Each structure stands twice: as structure tokens, then as C-alpha cells.
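Going by the order they are written in, the chains are A, B, C and D; count residues from 1 in each one.
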Amino acid sequence: MLDHILSILIFFPALAAVFGFMIQKESMRVYGVAVAAIEFALSLWLWYAFDDNVSGMQFMEHLPLVPSFGINYTLGVDGISLFIIILSAFFTLLGIGSLTDTKKVKYMIITLLFLQMTMAGVFAALDAIVFYTFWELSLVPMLYIIGAWGGPLRIYASIKFFLYTFAGSLVMLVGMLFMAYFYYQATGVWSFALLDWYRLILPESFQLWLFVAFFIGFAIKVPMFPFHTWLPYAHGQAPTIGSVILAAILLKMGTYAFVRFSLPLFPDASAFFMIPIAILAVIMVIYTAMVAYAQKDMKQVVAYSSISHMGIIILGTFALNVEGISGSIFLMLGHGVVAGALFLLVGVIYDRRHTKMMSEFGGLAHVMPRYATIFGIMMMASVGLPLTINFVGEFLSLLGFYQQSHILTLLAGTGIIVGAIYMLAAYKKAFFGEVTNEKNKNLPDINKKELFGLIPLVIVAIWLGIYPKPVLDPINNSVKSIVQLMHNKSTTELAKKRIPNLVKPKVVVIDKTIIEEVH
Amino acid sequence: MEIGLNHYLVLSTILFAIGLVGVMRRKNLLLLFFATEILLNAVNVAFAAISHYYGDLTGQMFAFFVIAIAASEVAVGLGLLIVWYKRHGSIDLDALTTMKG
Amino acid sequence: MEKYLYIALFAPLVSSLFSALFTATPKKLFTGIVASLLIFTSFIASTILLVHILKGGEPIHVTMMTWMATGDLYIPFGFVVDQISVTMMMVVTLVSTVVHVYSIGYMDHDKGFNRFFSWLSAFVFSMMILVMSDNYAGLFIGWEGVGLCSWGLIGFWFHKESATWAANEAFIMNRIADLGMLIGLFLIYWNTGTLQYDGAFTAFHELPAATLTWIGIFLFIGAMGKSAQFPLHTWLADAMEGPTPVSALIHAATMVTAGVYLVIRSHELYSLIPHVGLFIASLGTFVAIFAASMALVNRDMKRIIAYSTLSQLGYMFAAAGLGAYWVALFHLMAHAGFKALLFLGAGNVMHAMHDELDPFKMGGLKKVMKWTWIMMVIGSLALAGVIPFAGFFSKDTILEAAYSGNHMVIYGVLLFTAGLTAFYSFRLVALIFHGEERYKLFGIHPHEAYRFMLWAMSPLLLIAIGAGVLQTPFFDMVEEALNAHEYHIAHGTALIMLVGTQMFVGLAILYAYKKYANSRVTVPDGTSKMENSFMYKLLINQYYIPYAYEEYFVKPYRELSEVFWTKVDLKIVDATVDGIAAIIYGTGEKTRKMQSGNLSTMLTWMVAGLIGLLLLAVVFGLAARYSDEILVFLSALGV
Amino acid sequence: MLAPINISMESLNVMTLAPMLIPVIGALLILVIDVFKGGLHKSLYVTLSLLFLAMDFFSLLDASGVFAKNGTVLGMFDVMLIDGLALLAQFIIVIASMLFIPLALTHKRFHEFSYPEFFALFLFMISGFQFMVATDNIILVFVGLETSSLALYTLIAMHNRDKSFEAAVKYFTMGALAAGLFSFGAMIFYALTGSVEINKIALVLAANGYADIGYVLVGIAFMLAAFAFKLSLIPFHTWAPDVYEGSSAPMAGYMSIVPKIAAFVVAMRFFEFLVHSDIVWLKIVLYAFVVITMTVSNMWALVQTDVKRMLAYSSISHAGFVMGAILIGTTQANSALFLYWVLFAFTNLGAFSMLWISRQKNLPAYQMSDHSYDKFAGMIKTAPVAALIMGLFMLSLAGVPPFALFWGKLYLISSAVTSGYTVLAFIMALNSAIAGYYYLKLVVYMFMKEPVMGNDGNMYGANATLALKTIIGIAAIGTIFAFVAINPLLEFITAFVYNSGY
């Protein structure tokens, strides 16, 4: 069974979703939780069986799909994808478990299970076309979730979400086809297999264009400034569960894809574009944090904060060294947990008051102390307090990028300031002060169902903040091999300089140039 | 003056152009069909001439087929025209605009 | 010994978690007692460790587990108990034990009693991590942890707008500095390959001075935030919104001294870059007089003490900057004692006066609150540096250090500040405890604090009185660790200095008493000549710095955010995306009329298409036929 | 005295003619049956048609076996040409027809199906298409084209509504013009080369090195116009939306597939050698056709309010997209054309069939037209399965993987990439994104809106019978599980195309 565990992880929820149509409405929730729990257990088993010391792919599966065109159903996980898969199963479980009573709950659960299939698929795929398939397919359930259960602007938001990402990924598809063609030219064989592509060393000029093509697809998904405007709408209109999954997992597809595709395939281009992308990332960090500060809607604050944090992830990814990339991957998990939890939390209050406007609240800490506590913990995790999950990622990402550019890291580092500003301001508006609004006087505190979703997230957020080792070690191993691969593949001076060689004997080299730059 | 191939071809082209203008300008469905017949017959003239020029029968064969097809086209076209006339009492083209956009 | 290390470290955590269990329930007295006991346990363990170190035992160094490890980076949870950290541990645990016990009384009637102890113990835990960590990353954990607890405790009465505002201000200001610290950490890592103190310190010797300077500057920026040095000082005065025990523990004795601790801890770095040290000393000196000047006229009891804290922190930085690390540490220790004492005394007064803070509305409290009066006076004497109280020894040594280093400006300013300190301290004492009983106008019936609260303050009293005797043993202990040396000034000079200083201080005290301890003092109503003078306005408005921050940073930031959102994000970035979609859609909408449904038009389109193709064909055909001629023609044109 | 003509039956190679003859025989049989006994139920004719189409299919299988063994086969005085293209196109034609004809078995009565002539004409039309694709001779192409077209006009008109007549008249008139253009173009090539066989034309033109390039271009212009009409390339497309709207839904779906593949094959035969002889003009013109057709028709599709008309524009766009294959002209591109069209056949027929089963006899007040978007509002609530299937077809048309059409797009864009048409590849990709909007619009209506008052969802299956459901089921399965079939299909198509020399 372990040989096919990835396929099982992918298709079990889909199959369960199809069977779900037969289930009577009232029993659906239990069924959903059961399926998601099994899925989560499977993903944990995957972790258990995962060999931490192997840096390459594990649990590989291979099935020819269109062999004449080089498309194969190839799956595998390494330290980079493993935890995102687990996280996706985790969130599906939490999401279904804490699902509030909504209309058409049956369809919602079926949709979520389909979504889980696509998420597992994206992160397990090692073939570009399979990856692309799940990548696109993931849009469909999310489209439905936003469009069918969303707020008043839901249709605009869902279409914008779909078309924007769809357009971007089509450009990426062209890039993939080029990549396959170059591989074909080099070897005479068609292949979309990622591991084959890794072996291909492209001339820099090709790399640059391909990098841009892939970049557009990924950047829209992340979403990077200035391609981010679909996200506030999507989050603003989506139901709680939609926002949770969107923020926790779907956005990570973009950053994951950067690590999986852009870096190892185009090391020279990555080094070349490092600074421009870092500038974009810095803009994301500061600009969206400021926009978040201006928001009146609690959910929009969290939505913009997601973009801001994604900026740090991007920065870490393009640090091109082990510290930065490991940090960015860890921050993907961290941000997933934290942003997911924050959206769940906003959902809690939305369920009670059917508004997310902060001006409607105030003094909630009096009436809902437990809620305020959990919100506070997650807020602190979001602003990156040490010993919470986000800090590890942010610290490593920034640390990594510091090697590349001091001034940009300093600017991106202001994220910890501006992040605190909007978060604390929002928290103050909603939770502190006297209860001024009569409607808030008798709000019930958080209930069991909601705690089911939140407590595990709190535990994870703190546990991985204190002891990230079990997660960081496998990530580190895999990242090391990717960085080494990049270094070996790189051809330009610039890339050789920016991407460290890990093989060299370990001595503390004092890089004189760093000091020169500081001046 | 000797009539050569080119004269036939020019004639054919002029006829064809006349047909095209007719196709564009005619508002009466029946006359529109005539214009399309002119188009086809213009081609027939040219085919016959070229066929003679090459001493090859293929062109004439083509012309025959064109004639046959033109005939069946007229049959179908008139059929449609009659039904339309029965329903609407008019064969004016400008009435045929229920679908657009 | 490791056992005691862990006890000292984790007892506060246990305490915090235990109290946290009851946050949602009404007041439970036992949470306060249990918390106090656990903190006391921590104190005992620290004492055992201190004894171990005093006996000349090896510093204890443990590595609990890995925290982060990736690439070449390896950060463990490692803790070290050496001469420096054990001093800090003693300070932290002692003051916190006192404050915990005191708080049982002070927070008696508060709804959030249990929550308070949870936060307070969490703070102690963070502080212990900060001082005990064996690496910069661990220090940063504690650093941020105390920031968090400070946020929670300043904003403890979260129904008050001013309290939450101050909490956020403190957190954000600290974050600004933390960024500097973070950058310092990055610099250390990328230049030395490690964040462990010992590894980094060894490597520092190999580094070029420029790098070291940058590291020193960035670390000091971090220290500036936490220790509220100019220009990041505004939060400290506002932080007085928190409960008074909090001010005593966090904003006087421990957290604000973390910056000093950082500099002392990194003395191996700063001793390599004396120019940065001089800058630190200068800034410290400036802050000393700057804060003291603001304390002169302030009408908020707690704020006055807060400014004095600020001023004393300036002293510490001055000492540390001049290389007198042990003096700085000693002053830190002594200051923790008497300043906490002052704050707790002020807490008693507040309790008695129903949270009234304006000393002008008090007066004559000596009669009702005898013990508090005694303690406050002793605390103030210690603060003013009157012989033989604690402040005398520590402060005098700072002056000696400045003098012997030939930093006469620093020396002069610090000396002058000592006079100011004496003045404002006794202005406060005089206003509160002497003179008319002005509080009666406001219908308040003051009472002395609980007896056990006074008892709880007694250890601090002892320190304030007798810390001087500790100077020599302390010097012996840290001599090696801090490269310490005594400051030898010619005997005669020293005597003149001593007497002069004491006289100066004594005069200042007397002046304060004369001016404020009489019956003519009234509650100021903004009409007196002094209140309308420029200097008074400048000082009472804190040099207009908070106002400037509000006007030139906060407001523009808010407005810019608004502009970014409504103008840039919605009107430019998003509108571009929607605009592209609208253009595509609009083109379709506009051109759909092409499909008029009229057969003639349709046929015309076809013919037009044909003609278009034919035209193209003719053009291309001609071009192809006459391509040679065209080429000749074009070349003639010079194309 | 004329010498007796001696022709051996073997040299005639009747086998080459068999696939076309079978439907003709079937059509005649249906007419004969009607002569002897009128008023028979349509199911008889449907079954008979299916039977003959099945026989047609088997004869094609047989022919393809021969082709696989011996390569291209000529027959009937070298007029018939059975090569890979012909076979592939005929396969598509016959399979699509087999999927189409059971759609006549509706629940509601539509009177065209009660006429046996409908089925006879249908079979005639099929043989017309088969003639078109299975020959190299322009005369036969012309005859096949006209046979099928005339039959098609009649079939459209038989739907017997005002709009159908209007559609038929429009289509007919424009078709007549196109026929004139085609014959004129053929005349020019005949004048230039003295031949009406495409390969001979190619040989002669190549032999004299395209001396009269101007005339060749004029000839191409006429031919191109004629094909552009058939393939509904802008600006020769104007008939398409009206005709699709006027004819019944399955007929519209059928029209979007079968006549076009026939035209594509002829265009491929005709233009391929020209493209390969580096006639820049042709490349530019084709490029412009491709880009304008897919982009502009996409824009028009965006603004439609009727689903069928939207699908009409979308079909135009798809045709433009596939026309790219002819422009590119590599083996991969030509294979991609067939692959795309097979997958398109399944998806598009499925989509139109979904419209067909929801066809009402009388329109309720809230509906502007037969298949306005409003009609589908909230379909997920009233008819969830139907909504899911319709959504599936829409996603497939939009090119969302792993549904059928994605693979076609993938392979076609890949062929553009491989032959250096980078910009074209990106234009194709972006057009798919634009197209996403209007397909999504229907999905939005179905899944995210509330049903219009009074819509109880019964109408979505009003016309459904087992036969219709089966067809839709086949189309749906074909659309979902296309990824399984891609590899064999691709190998099969590539082999056939390659062995035909394209």
C-alpha cells in the first residue's frame, strides 16, 4: 500500500466525494469528517514512513499516460512537498469539522473533498502536465465555493479569481511546452517529467524567457504585487471555509511551484531576476501591509496580511541559499496555519453578527474572552513572535536573503513593524475598549465545533514554533539537494556567485564583499 | 481581331464581378439567386475556354458539373424561397433579420 | 547544578500556565499564592546558582535541544549561567518575587486577577530566557517575549482606550528597534557563521572594524528600543498606563534594562569598537539629562518615576559605553532595587488615593502612610545618590569612570543630572507626603497598604539601603567575566568630588523641600506664570516629541495607507485588471453590430473579405514580380 | 467505331468507393421503404441510419487496415484517394454522425424527424462529406461539397420554424456565393496548371518555380475565401451564428464539427504544399485569419445572451484556433488538428445535446430565446446531474485539464511551440483564457444563481429519452476519461498523418 500511498491520498477523497452524492443530507457531515480524518491519517502515515535522511523523492509512482508525448503520471514527495500535503489534509479535516451550518452542506463537503484531491495532486505531482492538471482543477471547486456560498459580490469575485489565475497558468503552460520542447531537442525524447527537466541545462537567454512565462503563472497564484487584486475580492466574498483553504493551501501552490520549478530549472534566470523579484516582494510586504492597515473589514485585513506574508516567502525563496529556501518553505506551512486560523476566527464572529466591519465591534474581549485569547495568540503568531510557527520561517527567510542584499532585507524586515501595526490596530478596534454596540453584549463565546478547528491550529502554531526540527530537517535535506543542483547547473558568473556551493569544505569564510556593500 | 483565351478570361472575370455586385446589391431574393447563377456561369465560360486552350476535357467536365450543381442549387433555393414567400408574403432580404448580434 | 538552572528557568513558565488555566474564572486567591511561590522557587534556584558562581564554580552551560537548524545555521535552546547572567537572574527573580507578592494585594479587587498573574509570570519566564540564553537568537526570543508580555500588561485594563493605545505604541516602538537587532543578528551570522555567544565572540576578533561597527550599531538599535533610549523613548512614559506592579517590574527593574544587558553581554564586541561605545555613552548621557529635565515639571507621579528610570538607563548606557561594563551592571542591579521600591511605593499611594496620579492633589500623606513614606524617602535617597544608600555607590562609580576616562563633558552632564535627579525625586516626595492635605478637597480617604504588601517590599528596601556593601564582592565576581577594573583617581581629587557631589545633591534636595513641602502649594490651574513659560511648556509636552511623532509619522502613515488602498490599489492596480477585461468585453459589445443579421450586409462582408485578400494578393504579387526593382529603388532611397 | 473500353475491376479499386456508397445505398433504401409504406415511426429510420453508418464505419476500418499495410490507395481512375487524412476525417464524420442521429429520438415531437427524407438527406450529406475528404480532385471536392451543403440547407430548413428558414436562406445564399468563389479559384488553378488534381497542381507549380506568383496568389485568395466561408473564419463567418441559432441544437452541434473537419482536410490538402513552398503571403494571411478569428469571435461570444449563440461563436473561435494547425503545417500540427477535432466532437456534441434535451416547445415568459442564460439559472438546485454534466462540457471547452479538449489544446499549442510560432502560442493561450469567461458565465448561472421563479427544472429533461441520455453519457465519459484515450489516439493519428505525407 505504501507504494501507492500518494495515489491513494489523491484519489481517495475524490472517490469518497463521488460516493458522497448518495449520502443523505443529515449524515453528510459525519461522512465528511470521517473521510477527511482517514485522509489526514493517511498523510500522517506518509510522514511516518517518510525517510528523513533521503533528500530526493520518495514513494515515487509512475504510470505512462501519454508516453508518446512524454506525459506520465509520476508522483513523489520530498521534504518540500511532504508537509504541505499533510497541511492540506489537516485543513480539510479542520475545515469540514468546524463547518458551520450552511445551506447545501452536502455539496460543500463534496466540493471540499474534491478540492483536497487537487491539492494533494499539485504537491505530489512530478510531471509538469499532471501538476498543471491538478493546478487548474483546483480552481474549479474554489470557484464553486466562492461563487455559491460567498457574499454579495461573490460572482464577480469568483470569476475574477478563476480567470486571473487561469490566464496566468495558460501562459505557464506555454512555458512548460517550451521546456518539453527544449528537452526534446536536447535528447530526442519528449518528456514532461520534472526530474528529467532537472537534468537539462539551458542557455541563459532561454532561461530568462521561460522563467518569465512560469513566473506569470506562479506570481498570479501567489499572488504577487501587482497581480494581487483578485485575492482581496476572493477572500472578502468567500465563505469562511473557502478563505481558510485558499489562504492556507491554494496560495502556497504558487510559492511551492517557485521552489519546485523556477529555481531548479532556471538557476541562472533565478539569480538574474533575484533583485527585481525581491523588490516586488518588498513592495508586497510594505505596501500591502499599509493597505491592510487602511481596511475597515476584519477579513480584508487578514487577506492583505496574507499578501504581505507571501512577500516574505518569496523573498526567502529567492535568497537562493539553504537558509532562505528552507525558511520560505517553513513559512508556507506557518502562514498556512496562521492565516487559516485567522480566517476561521473571523468566520466565528461573522457567524454571530453577519458582519465583518471592525467598527461594529469593540470590547469583544469582555464578552468573548476565550475567543479573544485564541485570536490574540494567532495574531501574535501572525506578527511573527518567536516561539510561534511564523517566526521560524520569517527569521530564516530574512536571514537567508540578507546574504544577497542587505538593504532589501532591511526594507522587507520592516514587515515585522508594519505587520504589527495593522494587526494590533485591528485587534484593538475589535477586542479592546468598552462594549459599545448593544448587539455585542450577549454574544456567546466560542463553541465546541469552532474549538475543534482552532485548538489544533493553536497547538501546531506553538509546537512548531518551539520545536520545528521534525519538519525543518526533512525540508533542509531536500532544499540542500536543490541548492546544490542549482549551483551545479548554473552557468553564469552571477548565478555561481549568488547560489552557494554546499560541497565545498566547511570553513567560515569571511566575505569581504559583504562589508563593502554595507557602506 | 482574333478572340483569344484572354478575352474569354476577361469576359469571365467581368461577368463574375457583375455577379458579385449583384450579390451585394440585390434585395430581392430571386434576383439574388440569379446573381449567384451569373457567378457560376462566368466560371463556366472560363472553364470551357481554358479546356479548349489546353485541349483537355477536364475543364469542360468541370463546367458540366458546375451546371448540374447550379441546377440543383436553384431547385433547393427556389424551394426555400417558396416556403418563405408562403409564410411571409415577401421575398425582400431586409425582412430576414430576426437573428443578429 | 543544571537542575537548578532548569528550575530557575521553568518555574515561572509553570506558574504562568497554571494561572492561565483560571483566566476565564473569577478571582482565585490561590493563583496569586502559587504563582508567587513558584517565582520564589525560581529565586531560590537562582540564589543557589549564584552561590555556585560566587564559590568560583565553572559557568553552567546547557544545551536543551535544537531549535532551528538548516543549512549552516544551528540555533539550540542553550542556556548559560555565568557571572553576568546570574546577576541578572538574581535581579529578575528577586524583584519579580516581590512584585508577585505585592500584586496579590494590589490587584485584590481586580476582575482579571488570575490573568494578571499569568501574564506576569510569563514575563518573568521571558526575561529569564533573555538573560540566560547562550546565543543571540535565544536572547531574541526573550526579547520579543518580554515585549509581548509588556504589551499584555500595559494593556491589561483593555477597556481603557489610553491603555491599549499605550500597549500598541510600546509594542510597535519595540518592533522598530527589534528590526535593528534582527539585522544585527543577520550580520553576526553571515560574518561569523554562528549566533552562539562564545563562537561569535571568538570570531569577532578576526573581523574588520567596519563590520564590527555595523554589528554594534544594529545591536544597539535593538537595545535603544527596549531600553527606551532617545528617539524611541516615548513609549516608556505612556506605558505607565499599566498596573503599577507592572511598571515596577517591567518598566523599571527588568525589561527596560535588557538593552543594557545586551550591551554588557556583548562587551567583547563593544570593547573592540570604542567609537561606537563613545556614541552609546554620549547618547546615554544625553538621555540622562533629557529625561531628568522632563521629570522636573511633570504632574504624573508614575511618569516622573518613569522619566527617572529613563534617566538612570542613560547612566547605565553611559557607563557601558565607556567600557565600565561592571559599573553599568552594578547600577542596573542597584537601580532595580530602589526603583522598584519607588514604584511599589507609588502603587501604595495610588491605592490609597483611588488611582489619583497627580501629586499636587495629594500632600501630607505622611501621617496616614508612614511606612510607605519611609520607603519612598529611602528609595529617593538611593536614587539621588546620597551616601550611604545604594545609588551613591553605583552612580558615583559611573562618574568616576567618566572622569578617569577624561570624558569631561559626560562627567559634567552626569553630575548636573544627579542634581536634577535629587530635585525631582524629592519634589515628588514632598508633594505627596508633606505639606497641606490637599487630597481632602477631593473627598478621598487614604489608607495604608496591606501589611503583607509592605513586608513584600522590604527586600527592596534592604537593597536600596545596603547595596553598597555588595560592590566589592560583586566586583570580584565579575572581574574576570567583564574585564573589570577599579577606577583609581587621586585620593584628594576623589574626596573633593565626593564632597562636592554630595553637597550638590543635598542642596537640590533641600531646594525641592523648600519649594514643595509647604502649605502654599496648590493644585496648579494653568494660570501661574511658570506654567505659561516656554520652558515649562516645552518640558510638560515632552519637547513636543510625541506630538511630532503623531503629526509626522502616525498621521501620514495612516493617510498614506488610505491612499494606497483607495487610490493605488483600487483605482490603479485593480482598475487596470478590470480595465483590460472591460476593454475586451467592450470591444465585443461595440463590434457585435457587425453581425446585423441582414443578408446583404453578410454577403458584403464576404465580398469585402475577398477583395481584401485580392488586394493583398495583388500587392504581394507585384512586389514579388518587381522585387528586384523595388530593391534597387529602396537602395536608391538609402534604406 | 469506338474501341471497347477495357477496365479491370481490380484497377478500379471499388473498395475506395465503398464507404461513400454505403450511406447512399442506405438513403435510397429509406426512400424506397417510404414509397412502399409511409408513416413509419422515426425510430425505424434512426436505426436504419445507424446501421448503415455502422457498416460505413466497418468499411472504414477495413480501408484503414489496407492503408496501414500498403499506404495510400488510389481508385476509380485515380479520382478516389484513400490516405490517412481521408480515413481520419471519415472516422470523425461517421462517429460524429452516429452520435448525432440518435438525438432524433426526442421525447417531444419535432416534425422533421417524422419525414424519412430527413434521414435520406442526412445520409446523402454524409456521403458528400466523405467524397470531399477522400479525393484529390477539385471537381469531386466541389461535387461533394455541394452535395453535402445542399442537403444540409434542407435539413436546417426542415426544422420548420421561421428562424430555421431564415437560417437556411442565409446559409444557402452565402453558400452559393462561396461555391462561386470556389469554382473561380479552381478555374484559376486550372488555367495556371491545366490540372484539377491537387498533387498535380502542386507538381506543376513547383516545376515552374511559381513563375506566375501573382496569379497563384489570386487563385489562393479565392480558394481561401471559399474555405474561410466553410470554416467560418472572420469575416466569412457571418452565417455561422445565425445558422446555429436557427437550426435545432443537435444540428448546430453537428454543423460545428462535421462540415468543418471535411473542410479542414481539403484545406490541409490544398494549402499544405503552398505553406511549405514558403509563400510568405499565405503565411501572413493565415496568421491573420487565425488570430482575428479566435480573438474577435471570442469577444463576440462574451456578449451573447443566448447559450446556443454563444456556443456558435465559441465554435468559430475553436475553428480559428485549429486553423492554426494548417498554418503551422508540421506533422505534429496536423495530428493535433485531428486530435483536437475528435475531442471537440465529443465535447461540443455533448454540450449541444444538453441544450437539446432542455428544448421546450413553448417559451415561458421569462425566457428571451430558446436557450437564454436565464433558463439555466440555479440549475444545480433543480437538476443537479444535468448541471454537473453541462458544467463538465463547459470546463472541457474552456480547456481545463484533464478534460478532453485540454489535450487537444495542449498538443496544438505544443506544435506551435515546436515550430517556432512562439507568439502564436501565447495568443492561443490567452484566447483560451478569454474564452474561459463565457464558458464560466454559464457555469455561474447554473451553479451560483437562484432559479428564476416558476422554473422547477422539469424542462431540463423535457426532451430526454434513453437514447439522448445515452449519447450525453457517451459524450460525458469521453470528455472525462479522455486522458486514457489520448495516447492510443495520438499514436493512431500521428501514424496516419505521417504516412500520408503531411
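Quick notes
Rule of thumb we're sticking to: a residue touches a chain if its C-beta (ideal position, glycine included) is under 8 Å from a C-beta of that chain, and two chains touch if they have at least 3 such contacts.
Remember, predicted model here, so these are calculated numbers, not experimental data.
Taking the mean of each chain's C-alpha atoms, the chain closest to the overall C-alpha centroid is A. Centre-to-centre, using mean CA coordinates, chain A is 44 Å away from chain D. The centroid of the Cα atoms in chain A and the matching centroid in chain B are 66 Å apart.
The distance from the centre of chain A to the centre of chain C, with each centre set as the mean of the Cα atoms, comes to 34 Å.
Here the spacing of chain C and chain D, counted between their Cα centres, is 76 Å. The residues of chain A that reach two or more other chains are 163, listed in rising order. Along chain B, residues 23, 32, 96, 98-101 each make contact with two or more other chains.
For chain C, the set of residues touching two or more other chains reads 581, 592, 595, 597, 599, 603, 607, 610. Shown are all chain pairs that touch, namely A-C, A-D, B-C, B-D, C-D.
Taken in their complex, chain A has these residues touching chain C: 160, 163-164, 225-226, 228-230, 232, 287, 290-291, 293-295, 321-323, 326-327, 363, 365-366, 369-370, 373, 380, 383, 385-387, 391-392, 395-396, 398-400, 402-403, 406, 409-410, 413-414, 416-417, 420-421, 424-425, 428, 431-434, 466-469, 472-473, 475-476, 479-480, 506, 508, 510-512, 514-515, 518-519. By the touch criterion given at the top, residues 64-69, 71, 107, 129, 132-133, 136-137, 139-140, 143-144, 147-148, 154-155, 158-159, 162-163, 166-167, 170-171, 173-174, 177-178, 180-181, 184 of chain A touch chain D in their complex. Taken in their complex, chain B has these residues touching chain C: 20, 23-27, 32, 93-94, 96-101. Chain contact summary for the complex, chain D toward chain C: residues 169-170, 173-174, 177-178, 181, 213-215, 217-218, 220-222, 224-225, 228-229, 235-236, 238-239, 241-242, 280-281, 285, 296, 298-303, 434, 437. Within the complex formed with chain A, the residues of chain C that make contact are 23-24, 65-73, 137, 140-141, 143-145, 148, 151, 155, 158-159, 161, 164-165, 168, 171-172, 175-176, 178-179, 182-183, 185-187, 189-193, 203, 206-208, 210-211, 214, 557-558, 560-562, 564-566, 568-569, 573-574, 576-577, 581.
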